[in-house]
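Here come two complexes built around chain A, the first alongside chain B, the second alongside chain C.
Then we have the complex of A and B:
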């Protein structure tokens, strides 16, 4: 077990190294990405401040709590840019060019390979920016998170990662049949924008949709609630449960899809 | 020991059919018709450990499909395959460590980085220790005559250098069964020879089984004593190159140069005239008539040069496939 863990770490290290070094071949990209993150961050805070300018609240959430939700959203977006987008892009490219053959012939878990092989550093500004917003939001309020709150926050944010990853990977998997699936992920990303604001800010029909159908509530609102002392153990557990369900579906779906893989002809 | 064993292997595909034009596209969107294509139809063969076997056939004969079934990338519709004692379609890690697939038209090297980075990735995946990796890169690199090229970005390498680096990446785990799909595609003659020499050396050194498809007959003739010919999903030939030639052509090619001018019509009785000019004629003579006919020609005419050969294998094979498609 320890040996397996060790080899996974070695592989992840070398994957990160090679994908970082191939990304920094294009230095201008770094600059453009940084500018766009700063713009996005300031724009989002400005729009959020408009809601609060008249002294009202957003679905019962205070200004500082909404900042935490926004922070988590931006944090997750950094995660999308750094991990999900590059690996999805590479999966689609592999299917298109038929180079998925090479990956399927490697003696390792193909889902693990595809998900971790390409990492981009360009999500880092969003991750740092989002994290700073979370800290800022907490410090603006009067509530001091306890150790249990922090542990619940950690579990729920990990669940968010896993749910988001699984959704993304399920969509990427459909490229085995449809090859080009960029548009589908754009739809998913556009829907996730809803996670910028606390879920209670939306009308009840959307709230239902975001909780039961697309788990947006669990992506941003639930982690924010845990760090603000508004959550419960049962909520944390259901978030972890949901994450494990989504993850299992993504794995089952991937091995199902591979049976239909015919490989691009030469 | 048998390395590759194939029994009654078949593969059928469902192919969607689309009519041309806008109307066809609209129809395709709502009403899809598909037909079944029999890519491979019940083929049988077995290959011993350490054997080098050529696998040829025209485009669309089912070569790549067969190759991919042998690697475990595609599930066969029916039939049994055993490679190195494993069922390929299960793709067990132990099996995958024993084989490799090299495709001339696809590459696994990371485009923006030097090949050495891709090699290190593969070493990590196959769990090869650092010192062992260095040793193997050195050994295989010497065999391939690769050195500085390993430290230059792949996109800056020539096609030949890239293919050699690709081979190194595919063989770092020292597989015992090599599946090569057009490994010399697009390479210049020198690089082709280098790749062939390398494959021969690898085969000798590691006793590896090599299963190779190529459109360049020189690859096949210089590497493989045995050749499998696939045609329309069926195995047309399994045996030596010489027996394939005999099977394909009852003629031998005879080129004759004369010191004097003779009317061309005089040579028609010896065989069919393939080409000719003033002092030269190229005849295709039935095998059993070669000796008597040539003796007669030597007696009657003033011959300055004479060459007797089997016709080039490329011509024979393309003629066979042409003949079959006309049927």
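Then we have the complex of A and C:
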């Protein structure tokens, strides 16, 4: 077990190093990414402030709590840019070019390989920016999170990582049948935008949709609630439960899809 | 002399028609993707849901009806002003496809421009279907726009699309100087997102941000065309004139950049 864990760490290190060095070649990107994250932060705070312009609130959430939600959203966006986007577009390319064959032959779990092979450093500004927003939002309010709150926050944010990852991987898996699917991930991203704001700000039908069908509530609102002392153990547990369900579905779906994989050129 | 010009024009029209038809059949082949693209433009409707629930100062500027009309119009305008030229242009230059395009009897610009038009045509039924579904879910969102608003709105959408296309075209020319210019597209998205009125109508902005926004082309790409379609109070003529101004400006700079960029171009992979 320990040996397996060690080799996973070594592999992850190598993957991170190679993808990092291939990306730093493009220095224009770093500059662009930095500027766009700063613009995104300022713009998002500005739009959020419009909701609070005349003493009104957003779905009953205080200004500082909404900042925390926004911070979590931007944090997750960085996670998408760094981990999900590069590896899953490469999955689509592998299927398109038929190079998936070589990966299937590797003595390694294919889903693990595909999900961790390409990592991009360009999500880092969003991750840092989002994290600072979370801290800022907490410090603006009067509530001091306890150790239990922080632990609940940690587990709910890990759950939202896993839910997001699973959703992306499920969509990317469909590339076995439909070759060009990255537009589908665009749809997912466009819908997740709803997670910028606390779910209670939406009309009841959308609230239902975002909780039951698309788990947007669990992506940003639930972690924010836990760090602001508005959550409960049962909420945290259901979020972890949901994450494990999504993850299992993504694994089962991947092995199911592979049965339909016929190499591209043969 | 005039004969020569009319011959050239006829040749151009023939080539343009051929490209448009070819691109349209290509787009029909990708209709599943176009459905997905159309679906990813739901943002104005999400914002409508938020603003309708909100009691902020926007409710004193816009009545409930006007707010929903504005955002539904914004949804339509956004659907028909989608631009992705930077991505395909970058692909084509990096993978060396630009070289054969340059040999064709029509400038590569038209290939990209017409492929966008073809995509818009194939998008029409999808957008209509989405609107019908929306109205079925909440019938009170329906309103009958006036004929004049529709005609003026269509002209405004077409100009807005052209302005946005030319803006992106200008930045596509970066490809001749650096690889990966498409990351700049992300940068262009930021002012578009926050200043075009996609997330909130410009009227709700504080005065100094509003006047800053009006100095940029972004409100003219989305906010004003949406207002025209929604039948809200707006000086249509001055909007169209401003759109024409930006279009002329970006066309001139675009031609210059293409001229200088092409001199630097050497086909890759050859």
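FYI, the second predicted complex is superposed on the first by the 265 of 266 C-alpha atoms of A that agree within 3 Å, B and C clash if a C-alpha of one lies under 4 Å from a C-alpha of the other, contacts with A are read in each partner's own complex, and residues count from 1 in each chain.
Methods note: a contact is a pair of C-beta atoms (placed from the backbone, for glycine too) under 8 Å apart; a residue touches a chain by one contact, two chains touch by 3 or more.
Just so it is clear, the model here is predicted, and its values are computed rather than measured.
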{"item": "Simultaneous placement of chain C and chain B on chain A, clash or fit", "value": "fit"}
{"item": "Which of chain B and chain C A:211 touches, first, second, both or neither", "value": "neither"}
{"item": "Partner chain in contact with A:197 - chain B first, chain C second, else both or neither", "value": "second"}
{"item": "Touched partner set for A:98, first chain B, second chain C, both or neither", "value": "first"}
{"item": "Contacts of A:14 with chain B and chain C, given as first, second, both or neither", "value": "first"}
{"item": "Which superposed partner A:262 touches (first chain B, second chain C, both, neither)", "value": "first"}
{"item": "Which superposed partner A:54 touches (first chain B, second chain C, both, neither)", "value": "second"}
{"item": "First, second, both or neither for A:106, with chain B first and chain C second", "value": "first"}
{"item": "Superposition-derived comparison: chain B or chain C, residues of chain A touched", "value": "C"}
{"item": "First, second, both or neither for A:46, with chain B first and chain C second", "value": "second"}
{"item": "Superposition-derived minimum Cα distance between chain C and chain B (Å)", "value": "6"}
{"item": "Where chain A meets both chain C and chain B, residue numbers", "value": "none"}
{"item": "Chain B-touching residues of chain A, taken from the complex the two chains share", "value": "7, 10-11, 14-15, 17-18, 21-22, 25, 97-99, 101-102, 104-108, 113, 259, 261-263, 265-266"}
{"item": "Interface residues, chain B side, partner chain A - complex", "value": "13, 64, 68, 71-75, 91, 93-94, 96-97, 99-101, 103, 105-108, 110-113, 117-118, 120-121, 124-127, 153, 181-182"}
{"item": "Chain A residues within the chain C interface of the complex", "value": "26, 28-29, 32-33, 35-36, 39-40, 43, 46-47, 50-54, 56, 58-59, 178, 180, 183-184, 186-187, 189-191, 193-194, 197, 201-203, 206"}
{"item": "Touch list for chain C against partner chain A, complex", "value": "30, 32-33, 36-37, 39-43, 46, 49-50, 52-58, 60, 178-181, 183-184, 186-187, 189-191, 193-194, 199-200, 204-205, 209"}
